[in-house]
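Going by the order they are written in, the chains are A, B, C, D and E; count residues from 1 in each one.
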Amino acid sequence: GGGGTPQQPAQSASGGAAQPAFNASLTGVYNPSTKKGGTIKAAHSSDWDSLDPADTYYGYSFNFGRLYWRTLTTYKTGPGPDGNQVVPDLAEGLGEPSPDGKTWTYKLRAGLKFEDGTPITAKDVAYAVARSYDKETFPHGPSYLNELLAWPKDFKGVYKTPDVDYKSAVEATDDTTVVFHLVKPFASMDYIVQMPMTAPVPKDKDTGAKYREHVISSGPYKFETNETGKRFTLVRNDQWDASTDPNRPALPDKWEVQLNVNADDLDNQLMSGSIQLDIPGTGMQPAALGKVLPDPALKARTDNPTIQRLWYISVIPDNKPLDNVECRKAVMFAADRVANQTAYGGPVAGGEIATNVMPPGIVGQEKFDLYQTPENKGDVEKAKQALAACGQPNGFETTMTFRADRPREKALAEAMQQALSKAGIKLTLKGFPASSYFSDYAGNVDYVKKNGIGLATHGWGSDWPDGYGFMQAIVDSRTIRPAGNYNLSVKNAEVDKLIDQAAGELDATARAKLWVDVDKKVMEDASILPVVWAKALLMRGQGVTNIAYNEGQQMYDYVLLGAE
Amino acid sequence: MTEPNYASEPLLSVQDMEKHFPVTKGLLKRQVGAVKAVDGISFDVFKGETLGLVGESGCGKSTTGRLVTRLLEPTAGKVVFEGQDITHMSQGRLRPLRRDMQMIFQDPYSSLNPRHTVGAIVGAPFRIQGVQTENGIKKAVQDILSLVGLNPEHYNRYPHEFSGGQRQRIGIARTLALKPKLIIADEPVSALDVSIQAQVVNLLEDLQNELDLTYVVIAHDLSVVRHISDRVAVMYLGKIVEIADRKRLYSSPMHPYTNALLSAVPVPDPKARKGRERIRLAGDVPSPLNPPPACRFHTRCWKAQEICKTVEPPLGEVASGHRVACHFPENAVETPAATAAAEQS
Amino acid sequence: MSFLEVKDLKIHFPTDDGLVKSVDGLTFDLERGKTLGIVGESGSGKSVTSLGILGLHKGGRARISGEIWLDGEELNGASAEHVRGLRGKKMAMIFQDPLSSMHPYYTVGHQIIEAYRIHNDVSKQVARKHAIDMLGRVGIPEPARRVDSYPHEFSGGMRQRAMIAMALSCDPELLIADEPTTALDVTVQAQILDLMVDLQREFNSALIIITHDLGVVAELSDDILVMYGGKCIEYGPADSIFYRPEHPYTWGLLGSMPRLDREPTERLLPIKGSPPSLINVPPGCAFHPRCPYAERTQGKAETEVPALTETEGGHLVRCHMSRDERRGLWENEIKPVLETQ
Amino acid sequence: MTAPLDVPGSAAEAQPESVLAGAGKDIQGRSLTRIAWMRLRRDKVALGGGVVVVLLILVAIFSGPIISVFGHDPLEFHQEAIDQSTLLPQGSFGNMGSEYLLGVEPVNGRDIFSRIVAGAWISLLIGFLATLVSVVIGTVLGVVAGYFGGWVDQVIGRIMDVFLAFPLLVFAIALAGVVPDKGFGLEGNGLRIAMLIFIIGFFSWPSIGRIVRGQTLSLREREFVDAARSLGARHGYILFREVLPNLLAPILVYATLLIPTNILFEASLSFLGVGINPPTPTWGGMLSEAVRFYTLPHFVLFPGLAIFITVLAFNLFGDGLRDAFDPRAH
Amino acid sequence: MLTYIIRRLIGALAMLIVVSMVTFGIFFVVPQWAGATPEALASRYVGRAATPETVHLVAERLGFYDPVVVQYGRFVKGIFTGAQYDYGAGVEQCPAPCFGYSFISGQPVWPDLVDRMPVTFSLAIGAAILWVLGGVAIGVLSALRRGSFFDRLSMGTALAGVSLPIFFTGMVSLVIFSYGLGWTPPGGAYTPLAENPALWAYDLLLPWITLAFLFAATYARLTRAGMLETMGEDYIRTARAKGLKEREVIVKHGLRAALTPILTLFGIDFGLLIGGAVLTETTYTLPGLGQYAILAIRNQDLPQVMGVVLVAALFVVVASLVVDLLYAVVDPRVRLS
């Protein structure tokens, strides 16, 4: 269906109650309604990293946060491929780049107000951006703007150096104009500013790290209560003016959010209707899948989108013999992609078998397969040939890490161990706690080298749906630091060069092409073994109206939802 | 039968021996007092004799025995064995001397390790002391077993397979292994039935004659002590109150306490109960934690006078070989305290 | 009929290792104001007998047969509840180890009050007065203060006195003292024995005193019962037992003990061997393996259990030897040795 | 002259009734072992437990052959036994049948029977060796504390108190989560098993330590220790020759009772995700996976039952052993 | 008496110090064996793809560049004198006892702990009541009817109870009673007592029963053993010889003495439970201290771990102190010095 504006949702929908059908909200709005009122009960199986717009980095948080904050731009609401587009939100229109691509200007709409009635000005947006610079106070949020903008040398953040003027990076030239000054040309600025760092924060209400306890709303809802780690509720923000906001229908009167709910219980409650929304939107648990999939009635309540997330295995070239590309290729050939897919939950809950790095949702993505095997089940012959070419005809031994508290990664490691053993590659499996996986183990350069880690399970989701948003963080060798790495395997100067080229390319098609080249290069290098492009089985809550899967958010579009 | 030789050097000489067990309290384990278990006692034991040590429960008999054998460290005083001062000798230097001084314990059930065979128990002294025997340890052990009247065939049996009396024999056999000169027997028969007691008492006597042993026998049963001792010491609250040879002590006891003890023993003669005049002591033995001052017996003594509460009577020789610590001894021609009092006034 | 009559009392315990015949056919009687002494080696069934009379084996595994008549009532067949009602009031008991026999968590007073109030419907205050009174009567100094002490705060002698006070709190007509002085020192033992004699006179109760100390028995008893292997082997008036004992075991007992009232003997005359097991009581006369005169019976001792026969005025003996033989042995062989040495 | 003392043959024979005759005094010695064995033989329940324990040990030892005869390689995937859309086992009851005796796991179709059999090995290994560690630490410290007394006892007693006050599980998890994965010449699961054994053993020694200390305290008061001292025996001799042999029975009993506790401890750690590295099967690990598939009764029940039966068998046997060795019990 | 309490408290303090040092050690020293640097530690607490600079800043803020001893000292100081927390826009005072601020959320730990205590308390107290009543009653009855069918049945059940891992019973009972029959609420349900007592009890019923089952088993066995032992004591014979009714003999003389050792065990068990019933709370996802502990460990959030561990240890210490004091009340032979 076409992406109608929320005010006239989903033309495809028939007038009455929608017929439940599998994947119904992927292409259209399911159960469309404009009825206002009611409460949506939502739940989360763990806790937010932070409710502060400067300090959060989860997709669900970006999605859900739009209920109480507004950013310069946002993804176009509604179902279908259009969801990948960015549209203006606080801003009147998309950003205007300077010809050199180093200055971006955004103009705010008129009539914007905070929940306390004070008007939202460009200064508040610039302040919010400057505020997010302080990573000591906000360690969780993305740091794109820290790197992209031309921050003054002596600027240490708005708290530590309150007197330093940061207008060299971001400035409010008047009440409605925000100007970003970049250090290098950057094409995807509109994607960057849809992130919550641009959600305005009134300086006089800013309490630093404690701001998360009460975020001042710029969106249609504001906080009523907030019990950290347990629950919070949102109620209507009467200062929000619908006429300034084409994106949010703001149907329910109230949102109740429960935190740290047991994941299985959450699924059960979702099925029974006592909870209407599973906030993380990463799909149902295996126990629930076992109930839902065989049951047509339940299955009809679900959607099964592919999300822009790649589950993959880093094939780390730091240790012998994986420093030899042929040996890495042997791993590529030996892997049983079907078994890997199963480990991740199969074609429905797990994902589509990935053959290259970029997932299908990314703008300009091309699908290609350099390491085809019969039925995707691995090719021992080819693997052995590669091994021979590598000088290890009898195979070799290496270690594979995974996050011990993630059953799917554990299953993947087990599957890899089975498959690779057929080609003579012996894997030792090591699980580590997720909390220190990157800091101490699979993302720690020293550790990987000292302990001969060859393979490591990883996952990556895009921050925005273009090549840069997806690829840069996991294939750019220059991001590698001593600890906390997501990328330890791709260290290729050519790749780095292509990335720089792509980042500065303002022409969209050429840019997309360049990212495909990066993808190909990485696959030739055989340093990433893609596993699946993730899919999730999402269940539409009972009594929820206006449900649409948004590709930009990669989950249901939370700002559209209404209560029956 | 050998006669004790009183003329020679004593085999064992105990001089002013004290043992105070500290009583601690509070945070820093401050010592707040002491149980004066043994509070300055002296006695000699001569070769070939049997010294009996009697007294009521808790008066320090066992402590004395354990001090002499250096199972406990004396707080003060001196223990001289065969002319050597062993009071503060290190356990290493003491080890060879231990052959000459052995101990028999009270409880035949707890004094034998239930996990060891009779052979191992009786052979332990050889092993611990590293003594070589002519025909091997087994032969030596079997010889000792038959000496104490046990069947040498029972070498491989465990203690539980024997009756109480037999066990006590095993315990005695162990002490005999190294041919000691002195044996301290701490209540060797009090855990046994009457009929068995006699067997063991006889055995001890026979062994003494045969092996030329010297005994210190600790007991609370006055009749048993009389039966086997040559000399008897009576203890009261950590002190020796009277020491004399058997005949004198039992026929003409001087210390009121000894008197009371003797008269308290029930006699197995129904007719005797009518005729006997008994001394009845009031109350129990006071706690050794804070014993009465001066003469410790004055709280229960019917003859006690003011002096008994203030002046401690020395253990003085009142008649030859008869020492008593009392200001007003009975059966005595002259009372030392009376003389003293007379002199003072 | 006597105040207490026990007829053919048998108390057997079935155990994993076999049937323990702790008491095997015991008959005796006792009048009020009289004292019976029971002597015997450890394990000869003395305590089991006394507990049997009080009915304290009931509900356990014991198999009890025979008759126990107390003041005209048969106790063995009576209901447990009825016997319970008699305990404490009509018959009471003093145990050997007063520390473990008193509840460590309750004050001495509490335990006496409890005993008193079971049988007397009085207020706590009255009972307390009575308890203080009783403690005073058994010779505890400052009874009004000591009534609130716990057993562990008493010395051994005081505990035993308290035990006695508890047992006597309801004026029992039968008092059984099971080794009441074994745990005590001689001087204290003498005090307690005196106390028991005084109290018995005062209350005119029947007293059974159990001990293995012949001295204690001689001191107190009118009658004496000698037990061996669960059976009575000699029973009779104290004088008769002490001056004309007829059973070789009794001779053995007398010969084993060193005596203070006579010149010291050169050697003691022990009984050889050790007491029998109650599971495998030797067949025939239980004493025969240890009896120096067993062969005189021409093997009868090994096969036949001798009957308990009367020799003279109430003096019963269980022995195969003839009366004259026994008399002869005592007069000619045993007595001279015991007395002259 | 020696007195003609008679040693009646019959009276000196072994008499179990001497147990009864000496009422109150506990009878020990070889008879203890023998009487214990007699009692144990009569205790059918305990014997049953013992038989199960032996069977379990046999299963653990012969897990290889058993698996090859009755099941499949515990690590091998059986995609064909799995419904590819739901990833649950095909058919009813988790695909139980002659092919897979106890059905297969969801997702990868591994043979549950084989995994349980293979898991027995780990559970028992850790149960036994961890107990060994506790017993060694507990015995050494307990004996030392009990025998030497004084400040030594104070210090060791405090250490035991500290251990008792520790939220042990929390600590064990914290520790197991951060242990390096290489060291002591071991690597990978070898090291993890060693670590688990150490952690479990290290955290459960105070229970044995207390018992041993108590027993030592009372043994020290026994006169045979004094007897040895008066013969001039050194501490080593007294400890090893006199005291230790008397501790063997209680140690054996409590070790038997500690094994199931330690097996449960291991299962708890595996359940909380800090156990052995996959794919090595453990019962606790299987259960923790089963949590996500609680709708599959076979997946939940069989590992749970395996733990239950093992622990129960050890408990029954240990209980019986304790009763058998208890001098008071008849 | 007072000196006794003081001495015990000092001992407890020493113990808490040991506990905290060990926790600190596990957190800092063990990763250092694995070669972790301050940055590596800090990168646990940043968002994904944080720059090295971010990591460095965080490491600085959390004080990871200081020697472990200094960090420990700071922590201890915080407990006694409170601490300050720089939240960017200002400084917050965290009054003593300050267990610091979560590395991850920046929230003070102490309120979190206080917040979760009622859950664990509710769980522990309810279960304790059930298991003490049930366990002791069954134990007494079993002891009195030794060898009977009831005895064998209850002891068999007790042994089964001891042998079942709680995460298994918990899971099975959840599946049956909650997911299957729908009688009890699903895991994770907890209503504060003050809010709705009925719901509070209803929500906790299943955890109570499961937990109580485990403990009741132990207590039944111990009570039985204790009863059998005391009922063989001499003073019981004395009580009977006095003519006391059997019921009174059992309750006033037998049970009183048999329960004293159980009191000790109860103190320790209860203290440990209050400190966090890790497995139960994990199985039923109850938001109590046990779950908090596990989450804290999973997230490697040291201040949280320290907080919960110290609180847990404190409860054990306090419980055992209370028990010892009670013991002296119950058993007059015990002298506290």
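Of note:
Keep in mind that, in the parts below, a residue touches a chain if its C-beta (ideal position, glycine included) is under 8 Å from a C-beta of that chain, and two chains touch if they have at least 3 such contacts.
This one's a predicted model, so the numbers in the text were calculated from it and none came from an experiment.
Chains touching both subunit A and subunit E: D. Here the chain-to-chain distance from subunit B to subunit D, counted in touching steps, is 1.
Between subunit D and subunit E, the least number of touch steps comes to 1.
Between subunit C and subunit E the centroid-to-centroid distance comes to 55 Å (mean Cα coordinates, whole Å).
Subunit C has its Cα centroid 32 Å from the Cα centroid of subunit B.
A separation of 50 Å divides the Cα centre of subunit C from that of subunit D. Taking the mean of the C-alpha atoms as each chain's centre, subunit A and subunit B sit 91 Å apart. For subunit B, residues that reach two or more other chains under the stated contact definition are 163-164, 166, 199, 202. Each of the following residues of subunit A touches two or more other chains: 264, 405, 433, 436.
For subunit C, the set of residues touching two or more other chains reads 42, 272, 274-275. On subunit D, the positions that touch subunit E within their shared complex are 158, 161-162, 164-167, 169-171, 173-175, 177-181, 183, 260, 264, 267-268, 271-272, 284, 287-288, 290-291, 294-295, 300-301, 304, 307-308, 311-312, 315-316, 319, 328.
Considering their complex, residues 41-42, 155-158, 185-191, 193-194, 212-219, 221, 238-239, 242, 252-261, 264-265, 267-272, 274-275 of subunit C touch subunit B. Against subunit D, the residues of subunit A that register as touching in their complex are 264, 285-287, 289-291, 293-294, 338-339, 342-343, 345-349, 399, 404-405, 407, 410-411, 413-415, 417-418, 428-431, 433, 436, 451. By the touch criterion stated above, subunit C contacts subunit E in their complex at residues 51, 54, 56, 84-89, 92-93, 95, 97, 100-105, 107, 111, 114-115, 118-119, 150, 152, 163, 166-167.
The part of subunit B that touches subunit D in the complex is made up of residues 66, 69, 71, 91, 94-96, 98-99, 102-103, 105-107, 109-116, 124-125, 128-129, 147-151, 154, 157-164, 166, 169, 171, 174, 178, 199, 202-203, 206, 209-210.
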